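Shared between the two complexes below is chain A, which has chain B as its partner in the first and chain C in the second.
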Partner chain A sequence: MTGQTLFRRLALVPLTLFTVALVVFVLLRIIPGDPALLMAGPGATAADLQSIREGFGLDKPIMTQFGQWLLDLTHGDLGRSISFRADVVSVVAQRMPPTLELVFLALVIAVVLGGGLALLGTYYRGGKIEWLVDGFIALFQSVPDFLLALLLILLFTVATSLLPGSGRIDPALPVQFKTQFYIFESLVRGQFSILLGLLAHAILPAIALALPFASMIARVLKASLGDVERQDYAVMARARGYSERRILMVESLPNAVIPTAALTGIQLTFLLAGTVLVERIFAYPGIGNLAVDAVASRDLPLLQGIILAFAVLFVVVNLVSDLIVISLNPRLRNG
Partner chain B sequence: MRKQRSDAVVATSLDGHNMNSLFSRRNFLKASGAVASLPLFGGLNVAAQDGAKTLTIASNVNLTAMNPTLPAATGNQLQTYYTTFFDPFIKQAPDLNYVPSVLTKWGWNEDMTKVELVVRDGVVWHDGSPFTAEDVAWSLDRAGRPENKNPLRFVWASLSNFKVDGNVVTADVVRFEPTIFKWFGFLGAYVLPKKYIEKVGLDGFEEAPIGTGPYMVEKFERNSFLRLKANDKYWGGKPAFDTVIFKFVTDGAGRVAQVESGSSDLTYNIPFEEYDRLRQKGFEGSAILVTNCATLFITNKDAMLDPNVRRAAHHAIDKKAIVQRLMRGYGEPQSTMQAREYDAYDPSIQVAYDPKLAEKLLADSGYSTQRPVQVTMQTTKGMAPKDFEITQAVAGMWRKVGIEAAIEVVDLPKRSELIRNYQAANFVFQSWSNATGDPHNCTGFALYDKSVQSCWRDRELGAKMDPLWVEKDFKKRVAGWKEIDRLVAKNAYIIPLFQYAQPIVYRKGLKVVPYKSELVLPQTMSLA
Partner chain C sequence: MANITHSSYLARLPRLRRPAWRVKLGNRVVMGGAIVLAVCGSAILAPLLTGHSPIEQDLMNALMPPFWLSGGDISYPLGTDDLGRDILSRLLYGARITMTIALLSATFSCLIGSAVGLTAGFYGGVVDQIVSRMIDTWVAFPPVLLAIVLSAMLGAGMTSIVIAIVVVDWTRFARIVRSEAQVQAQMDYVAASRILGLGRGAIMILEVLPNVLPLIITLFTVEMGIAAVVESVLSFAGESVAGDYPTWGSMIAAGRGNIHHGWWMLVFPSACLILTVLSFNLLGDGLRRVFDPVHR
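Presenting the complex of A and B:
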């Protein structure tokens, strides 16, 4: 990738974020449901409501509100959450790390599982194992993550009591963290017993998010491996007497992984979006769960902050994904 | 190098190089061992880990603010949390009766121009500082001041000029509010620590709240859990459990799983299907009638101005069948807004299920099953037990007599806005809660034309209510509201459906005291 291309991509980022912010800002303010009413309570007078609207700038024209919001944004201020009575930046900053850890865990599971299944299905093509892999792909592509979440709770929490079905950490643990990245922090500090507890809480929501994603990776990678195996270099390797395992791992995989990596980047954004429902079901205190509360309480500043944070994540994920694909594919490097 | 690659297929395929050391076979086995041991450390059965000392409750709402006087804190369900670490001025007993708390006596003077409150001795804040009458006066005064944005200021501002003399607080009655002492034990009515808040500020209080309640806040993780520690110095005696954990599990299925798996000792507000199933599996439970009523509000516009249509709509609903089929028998049909435990409950006011009469009334107004009256009914979905299903059942019953109802799902903020702006549909489903048991807070706010919560805005009816809002004689006031209820039932200004029951399910060996106000208080629980 040339510096110019990279610059062009980066230059588009602020424009993308601005457009998202503008559209979301306007949409949130034209949907029915006056946040001042929710804040004011049952006995509020018209004057009370007006005072709240003035306090949060809700009485001004939408574009004036947006201009002020943008101006504040340049100072790192996303406003004050109506329901939490705290800075939106601090609320979002507190709740983003649990989601990032969860998504990372789901991504690892999806890549390992999906990649492994694709390799197995390709290596044992035409046999029972391929049939099982195809069955896995078909099953988990058709089952939504929230349904999987409920099934996992039923299986691992209710039926077998193997894993906890809610929360992020055992509430009885008297443990203090310095950051919100509990899993990462406990790993770095070598607190492995706490780490295991955290993983025990995260594993079910991560699996619920990961399984549909893994089936997508398996399907795309398996199809790519099938295509690549028919290429001349694979045929040549076979003619040279290389083993099928070597042809698969050394000749085919590095080439087949490129379209999978590209699609993984795109699908990762869907995985992020999936956290909204899955976190809710598992009572996982991440940003998806927070988004549901913000919608229910019409906490417009918080909702705006959450969506902007999601948008930044989406942009970053897409950019990194593009960079990975470009680095994997020499033909794109000078594009 | 190629050999190593085959051992670390996935890692290699992702970034092409240098991941082998991390994903070596040895490390993979280590990680597998760790994952395999997860169940041993999964935090499961926390509830049972230290026997009687810890009580874990899977609760249904998130606690967002520690300050109980904020608008976000006035939800009825939230009072369960606040009542564990704050003390209300006056307590409500399980049967809704008001009993002493940090106030041991309360009342008006002879001509009802002043109130006098006697503050309990020997109470201390969680930080060990003494609780005083100053705290009571300051908390009440603060609640009525507009700058503090208390959502119930309209009640608290009726008192002013607070004075403290020893352990007695007096205040002037600015506007006579006959229910004022009922509000002393209702939503957000807790004593806050004056000196502590002045020292640490409201933000500091939010971070580390103290109260005088039976439990102290030990750790609070938003959207996750609240951990409480028993207050050894509680004036009412140390509670039975050393530690109480509220896990915020907003999903009903999740709460059921919590109890079923043993991760929590108790949960509540679950579907009655699950309640029955868990009871059959050997869990203990209670499902008493509570102060929450399923109600169809009527907006006095369009077809709803026709009394025949309104009355037909009421007579056509088989409330008993709804309770039996949708609530599995847990609930009690109602004809007025007064639940059985309320001050103004009058069993002689009844609106019978009579579909024949409903058909006749509609026919009198020119409607029939062939030519039905078209109405719209708004409801939330999943915000109150079986809200959407109830409206579906009602629509089905109405169809049989000649009322065709379109159901429109709205969320809570939209519903509040529509009602406040007098833009709601013909019918609006709401669950109406009134733990004070006072007719002001049910028939009053639900039907007074000047109430922002009312859909029926009729000055003629409002004028009949006007004197009741300031009536000083309790018996006269209650009698007046009963007459209003009779008038409301006769003219079908609102359709009360049934009184809800609250399902609470818990593990064997736990003794639980259910509250008609829907509070689920760990300080009243113990081991059987």
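Presenting the complex of A and C:
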């Protein structure tokens, strides 16, 4: 991708986000189920409902509501959540950090595991180990993350009680955090026993998210390693008598990593999307779990805010992964 | 060494252990196809394979374990759920819903996505610009969340699930078919057809489409697996086929609720779903190899 196309991509970001906002807004207005009725609760009079509708602007035409919403958005205001009775921005901001920590943890596990398996499978090709690696790839490509989450709970929480199966932190811990990034904060502060407790809660959902992702990374990296190995420079290195290990790590890997990095970036959005169900299953207080709550309670302002937050994340992830691919590939750097 | 003849070479070749059709199709297609056929077959033959009704409750025998565990009974081979319903019959009847939804939603996403992608990739220009912007927008949505919102919006029932899956997943076909059609449009045979006097529409349908078709078939197979998962996700999120008609997703959801009392309620439907997705992936992967001349 040249600098010019990158600039074009950047210019399209606001347009994409605007379209997402518009589609979401219109879509959510067609959902059956009166949010005013849900808010007011049982025993509300018609006058109560009317005043709620007026209060939230639900009685105006959709496009007027959208215009007002956009206008507020320019002031950093996404409206008020109906079910939380609080600012959508502050609710989303509070639930975003746990999800980011979880996704980061899953990403690390997936890259280490997937990369390691691809290298192992290539180094020991033709043997039992390659067969095992291929089996891992085929199996975990086919196990959806939400099933993995359930089976992990069954194994590690119900059958063996090795790890906690719900929540983010042991509620009995007398601990105060300044930020919502608990894992990061406890690491910085050096509170390692608390960190361990946090990781114990996060590890199962992170593994559930990471295993399908790791299998994707392993599949792509292994395939590119196989392609790269037949290139002239690898043959040359072999002819010079370099060890297989050196050829793999020094000659093949840097070249094979580029297509993998490109695809990892694209697929990272699937990992983010996977948090919706996995967080739900582990009762992990992140934005994905919040999204399911918002659908169930027909909390339109909140749902709009969450989907917009996801869209921003997705667009940023795609852009960043493009940038990383450009910086990895010398041929694209000065395009 | 002129006396080494053809026949002596042939004699030294290992005997082909596999029949020619298996070599040609490859293990993946044969294995994946066999499992897919088995699942479809047991879905169709469900009434013959089990004596129990999938919705008949037997509260005296609730949460009975599979027959090989103590307390199990061979008349309920895979045990019963919390309402005393036979797990095996629910799995068999559930396969009907799963397979129907997978087939319908893969077919419609395939038709819509491929048509849009083929047109955009082949014609380029304004059409391509519009389609690309649409795909950009779609890709910015979290797919699972979008499907849940859509099915909440459309209400319970099979049609709304199929619509939700198609609306979310048509871009999968559109994206890939578009880029392949773009490549094909630059090929010499397209230019040759133009010189022969074929119109652009005719070239797209008669010349380009057959060359993109193997890709579409492979995508279709993989999409069947994806659709089966999404159906389960929606059932799991409580937005699926209404009533007590069994689906694998609703069985998994019930299994989650009873995770402390009966692991079999969770494990058997999960295994069915994984096996089905695995076989669709194998089939898709195998077909890709069969169609790809480099692999052949």
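One rule holds for everything that comes next: the second predicted complex is superposed on the first by the 326 of 335 C-alpha atoms of A that agree within 3 Å, B and C clash if a C-alpha of one lies under 4 Å from a C-alpha of the other, contacts with A are read in each partner's own complex, and residues count from 1 in each chain.
Operating definition for what follows: a residue touches a chain if its C-beta (ideal position, glycine included) is under 8 Å from a C-beta of that chain, and two chains touch if they have at least 3 such contacts.
Keep in mind that what you see is a predicted model, and the values were worked out from it rather than measured.
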Fit or clash between chain C and chain B when superposed on chain A: clash
Contacts of A:Ala283 with chain B and chain C, given as first, second, both or neither: first
Which superposed partner A:Gly274 touches (first chain B, second chain C, both, neither): second
First (chain B), second (chain C), both or neither touched by A:Ile153: both
Which superposed partner A:Pro97 touches (first chain B, second chain C, both, neither): neither
Which superposed partner A:Val315 touches (first chain B, second chain C, both, neither): second
Chain B versus chain C as contact partner of A:Pro205, first or second or both or neither: neither
Superposed model, chain A: greater residue contact from chain B or chain C: B
First, second, both or neither for A:Gly79, with chain B first and chain C second: neither
First (chain B), second (chain C), both or neither touched by A:Ser161: first
Set of chain A residues, in rising order, touched by both chain B and chain C: 32, 150, 153-154, 158, 280-281
Residue ranges of chain A touching chain B (in the complex, touch as defined): 32-35, 37-45, 48, 51-52, 82-86, 94-95, 111-112, 115-116, 119, 150, 153-154, 157-158, 161-173, 192-193, 196-197, 199-201, 203, 245-246, 249-250, 253-254, 257, 261, 280-285, 289-290, 293, 296-298, 324, 328
Chain A residues within the chain C interface of the complex: 12, 15-17, 19-20, 23, 27-28, 30-32, 138-139, 141-144, 146-147, 150-151, 153-154, 158-159, 269-270, 272-274, 276-277, 280-281, 288, 291-292, 295, 303, 306-307, 310-311, 314-315, 318
In the complex with chain A, residue positions of chain B that touch it: 2, 5-6, 9-10, 12-16, 34-35, 37-39, 41-46, 49, 54, 56, 58, 62, 64-65, 67, 70-72, 74, 146, 149, 151-155, 206, 219, 221-225, 227, 243, 245, 247-251, 253-254, 256-258, 260-263, 410-414, 416-418, 420, 445, 452-453
Residues of chain C that touch chain A when the two form their complex: 133, 136-137, 139-146, 148-150, 152-153, 155, 225, 229, 232-233, 236-237, 252, 255-256, 259-260, 263, 266-267, 270, 273-274, 277-278, 281-282
